[in-house]
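My structure is below; once you've seen it, I'll send some questions.
Letters A, B and C name the chains as they come in the text, with residue numbers starting at 1 for each one.
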Amino acid sequence: MTGRRSAPGHHRPPIGRRLLYQLAEHAPAVAVALCFLLPLTISVLTAFMTQHQAGTGSLWPSPWDFANFRRVFTAMPFGRDLLNTVLYAGLSTIGTIVSSVPVAYALARLRWRGREAFFLVVLAAMMLPAQVTSLPLYVFYSHIGWVGTLKPLIVPSFFGDAFSIFLLRQFFRTIPGELTEAARVDGAGELRILLRVMIPMTKPAIAAVGLFSFLYAWNDFYNPLLYTGNSQGGQTLAVALTQLAKSGHQNAYQLQMAASLMFLLPVLVLFFLAQKVFVEGIALTGVKG
Amino acid sequence: MATTVARAGDAVSGARGRSAQRTRRHPSKTRWWVVLAFLSPFVIGLATFVLYPVAATLYYSLTNFQAGSYRPVRFVGLNNYRTLFTRSDNFWIAVRNTVWMVVVMVPLRTAWAMLTAWVITRVKRGRNVYRTLYFLPSMVPPVAAALSFIVLLNPVGPLNRLMGLVGIDGPGWFSDPAWSKPSLVLMALWAAGNTMVIFSAAMLDVPRELYEAADLDGAGAFRKFRSITLPAISPVIYFSLLTGMIYAFQYFTEAFVVSGSANVEASSNELLGYPARSLLFYSTELYQQGFSYFKTGYASAMAWLLFLAIFAATVVFIRVSRRFVHYAGGDR
Amino acid sequence: MFKFTIGAVAGTAAALLLAGCTSAGPASSGPATAISAGASHAPTTISVWTFNHLPNEVAAFTAALNRLHAKFPWLTVKFVPNKDDAAFAKAVAAGDPPDVFVAAAPDNVGKFCANGTVADLGPYLSSAKVNTAATFPAATLVYTKYQGKQCALPLLTDAFGLYYNKKMFAAAGITTPPKTLSELAADAKKLTVKNADGSIKTFGFVSRSDYNANRYLYTGVQSASRFYGGDGKATFATDPKWQQMLQWDKNLNDSYGPGNAQKFVGRYQPHADDTSNPFLTGAAAMEFDGEWHIGEIDTAKKGLDYGVAPMPVLDAASGTYGAGDTLGTVAYLPAGSKHKQEGFFALQQLTTDTTFLNTLADTVSNIPSTFASLQSWDKASDAHWKPLVDMFKNPGSYYKTLTPAGEEDMDTWKEFLLQYEQGKVANLPSGLTGIAKKIDNLNTQAGN
């Protein structure tokens, strides 16, 4: 989105008036920005407070306690939980892409009877809340001894994710049919067309889908709570953070905030590295598809 | 994961139209075993992780099954459903709280996203900076956001302290049953940046000439909003309300974290939904019945009802809103 | 193609459905007999879960388990702290329960006993020749037994009493702690101090059921009522003392002015157990709490001049003054444990070992739960502790009867109390009839 400049040729008002205009232009935006920034600012400040000060309504740390970030590592197995979170997010992203791309391709480019009906099934699966399926799945996973491990979180992603299939299909449909058709006329098999023609042309889209599924897993609370929330070795950060909040009758707000910031940091880094993919991807999930 | 449902209907109709065209041009069909090879992982996944659980949930809901208990499983007919409707206040409280979120949080969140998007479009220089700032909170993982707000809204915490400076005696926020849901709404507004991005894109897409022409006609700000901006953003409103509604039906993480962590006594024998069940939502009650009390059959009945409710609400919403949504591109 | 899909899906679903619904019986792990302490035994590792999570509590447990290992080198314990009842139930459902589970409160003993989650310790106890009646005080057996089955053993125990600020009492001209609830209410009014702007600086006593441990005020002990009658039905509608009790509660909280009791709960409930606790900061002159509060005061505010007394009783039940709610931590032997004999061995050692019980009692500020450990405990005659320890000798002390509904009956009752306190119950007698019926239904359902 390019900022539209005001029409040229106006005669410039005096400097005082100009400042006033500037103020009027920016005041509401700055006010809203302050609202958005307040919670984060408080969190950051709290992360540097002493146990004595945190949660008391103090606004400014005095003294600054920089050791909270280190203390997080003794208060909880942060490193191990981080590893689990990375494993969950990383492997399920790979699984989602590897398994969803072919399905999306079949829905977008192959011709077969029942394709539209199948697509409706994908849409229905996408709308299905996790709560509806989790009771039998919990029983099933406990029968095969998976509860307490990361398997119930990762393995299903290797069998296709409805949301990703839907998004990828939308992307694939934007590629002109002539390109794949030409390859087909040249005698290329479907797998070859997918790998050599489709994927190279939709890399940004696949990256967006990958980002979404990575973030979904990173932020996911419900599934890890259910399947690994109880185990010693399989905790992910989202769940472990809430249990840190409860360890001890004393609220350790400063540790929670320090841990939350460390949990948030990779997401922010990812966001600034891939801002464009994000904003475009979000627009695509919305009405701009 | 429900973020795309808005487009679901369009995508299907689009798919029909366009594929019909292509079929005419290329009548040849892909060989069945190729299609099967492309689909097979998903077909297996669908059977294992979607269709089987849905069927099993229905079956469980007709039994007294308790996972982990050693007593025999008995078929009890519609008993679980009867208990839900006639004997459980938790169920109705959870329904009421969830409906409250659908009715209050969802429209407010949409309006807030619209308002902040509008604020951004008014700014000429530095728009991208503001947009990034407004969007940033929506990137914060819900658990971290909830923990932040617990600190911010602590009854003796920073926000009440700040409000005290200007002479306002702040409420108990998450600790007060009257304020706990509004506090969650505040949190939802804070994280509305992703919807804001879509709104601002739609608003900036409106050709400037339309407004200039309206100016020449002497139209006021309200007229301009009603007849130019609103039609342009109506699909976004539709999208935001629909996805928001589906999300609110399943509202879980924030409620779970807040009612668990704002209450130190929660580690033992404490109901989810603290304070005073004001934060007991459908999904948290389902979780509690299914995975704390392990009344698997009973919770399965709840799960089925949730499924039906979401389905019915979505159909009704799509039907009703069809009349109000304007698609500029003639997509429909 | 689509037909094929549906066929495959249906087939898989049917197969999985069958697999999912076979409920396996408890794992058998040898006969229900005890291992004799002197015999040699193959090296075994068992897991012990507890709800405890504070560093000092965990340290006390670890030390005790190390001593156990030194005494019986064949027994190694994998110790896991910070597990509540829900976590335990989840582990059971996942088919992988610990070998011993120590729970914070006994509310689920009835449920776990009735649905077979935990083992009946009877056979093990008789094989080990442990006479429970001679080992554990009667009040602790009330909440560890269900329908004659000893499904848990007490591991430390709790008693609840009234904490009062002596300096504030003196300033208000009150010489002895109240003995009846109307005296308590009168004292509370005298002790309440307002700020210049009309807001309340010090609350005399807030009895709201959702504050701190106050829910235990409403289990029947304070009015000599039984939660369940002889027929197993809730007595809220049949025993008029419930109504008096609740009216007393509402009148007291309303006397602080509209919204003030709510404000108190909202502000202090999140800090009930930390240094911002209102009794410690002077925002409350009296507080109802368990004995661990003594320990909290010792660490957080050593100089506080306070007294502990039995909780006053309803005027209509004034003869029972001195009784209190007694309930405590319980230790279970999960039925699905793969090392039940070894698990019981550890459980027996922990629940009867005098040194361990006394050390742990000192660490977590609880009351030891065997006759032997109470005898040798140095705090039993301490002025703060004595009224609480004495409750165990009072025949009126008890905890409400446990049912297969587990903690749900108390949860349901508590929610009703809160609704009444917030003025949402228009007609108390019919409200009480309704809630009694609801709880009876809950128990019938759970018993099915």
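The definition used in the following text is that a residue touches a chain if its C-beta (ideal position, glycine included) is under 8 Å from a C-beta of that chain, and two chains touch if they have at least 3 such contacts.
The shown structure was predicted, so the numbers you read here are calculated from the model rather than taken from an experiment.
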| item | value |
| --- | --- |
| Chain contact topology (line, ring, star, complete or other) | complete |
| Centroid comparison with chain B (C-alpha atoms), farthest chain | C |
| Identifier of the chain whose CA centre is least distant from the whole-structure CA centre | B |
| For chain A paired with chain B, centre-to-centre distance based on mean C-alpha positions, whole Å | 16 |
| Separation of mean Cα positions, chain C and chain B [Å, integer] | 38 |
| Chain centre separation in whole Å, for chain C relative to chain A (CA means) | 41 |
| Chain B: positions in contact with at least two other chains | 32, 35, 39, 44, 46, 48, 52, 56, 67, 154, 156, 264, 267, 291 |
| For chain A, residues contacting two or more additional chains | 56, 112-113, 118, 136, 138-140, 142, 246, 249, 251 |
| Of all residues in chain C, the ones touching two or more other chains | 1, 5, 16, 20, 53, 90, 93-95, 270-271, 273-274, 276 |
| Complex contact set, residues of chain A against chain B | 1, 3-6, 25-26, 28-29, 32-33, 35-40, 42-43, 46, 54-59, 99-100, 102-103, 105-106, 110-113, 115-116, 118-121, 123, 125-140, 142, 156, 158-160, 162-163, 165-167, 169-170, 173, 177, 181, 189-190, 215-216, 218-219, 221-222, 225-226, 238-239, 241-242, 245-246, 249, 251, 253, 256-257, 260-261, 263-264, 267-268, 271, 275, 279, 282-283, 285-289 |
| Chain C residues touching chain B - in the complex, by the definition given at the top | 1, 4-5, 8-10, 12-13, 16-17, 20-21, 23, 25-26, 51, 53, 84-86, 89-90, 92-95, 104-105, 107, 115-117, 199, 210, 212, 262-263, 265-267, 269-274, 276, 335, 406-408, 410-411, 414-415, 418-419, 422, 438, 441, 445, 448 |
| Residues on chain B engaged by chain C in the complex (per definition of touch) | 32, 35-36, 39, 43-44, 46-48, 51-52, 55-56, 59, 64-74, 76, 83, 87, 89, 154-156, 169, 171-173, 175-177, 262-265, 267-269, 271, 275-277, 291-294 |
| Residues on chain A engaged by chain C in the complex (per definition of touch) | 56, 112-114, 117-118, 136, 138-143, 145, 147-148, 229-230, 232, 243, 246-251 |
| Contact set on chain B toward chain A in their complex | 1-8, 11-12, 15-16, 18-19, 22-23, 26, 28-30, 32, 34-35, 37-39, 41-42, 44-46, 48-50, 52-54, 56-57, 60, 67, 116, 119-120, 122-128, 130, 132-137, 139-145, 147-152, 154, 156-162, 190, 193-194, 197-198, 200-202, 204, 208, 235-236, 238-239, 246, 249-250, 252-253, 256-257, 260-261, 264, 266-267, 283, 286-287, 290-291, 296, 299-300, 303-304, 306-307, 310-311, 314 |
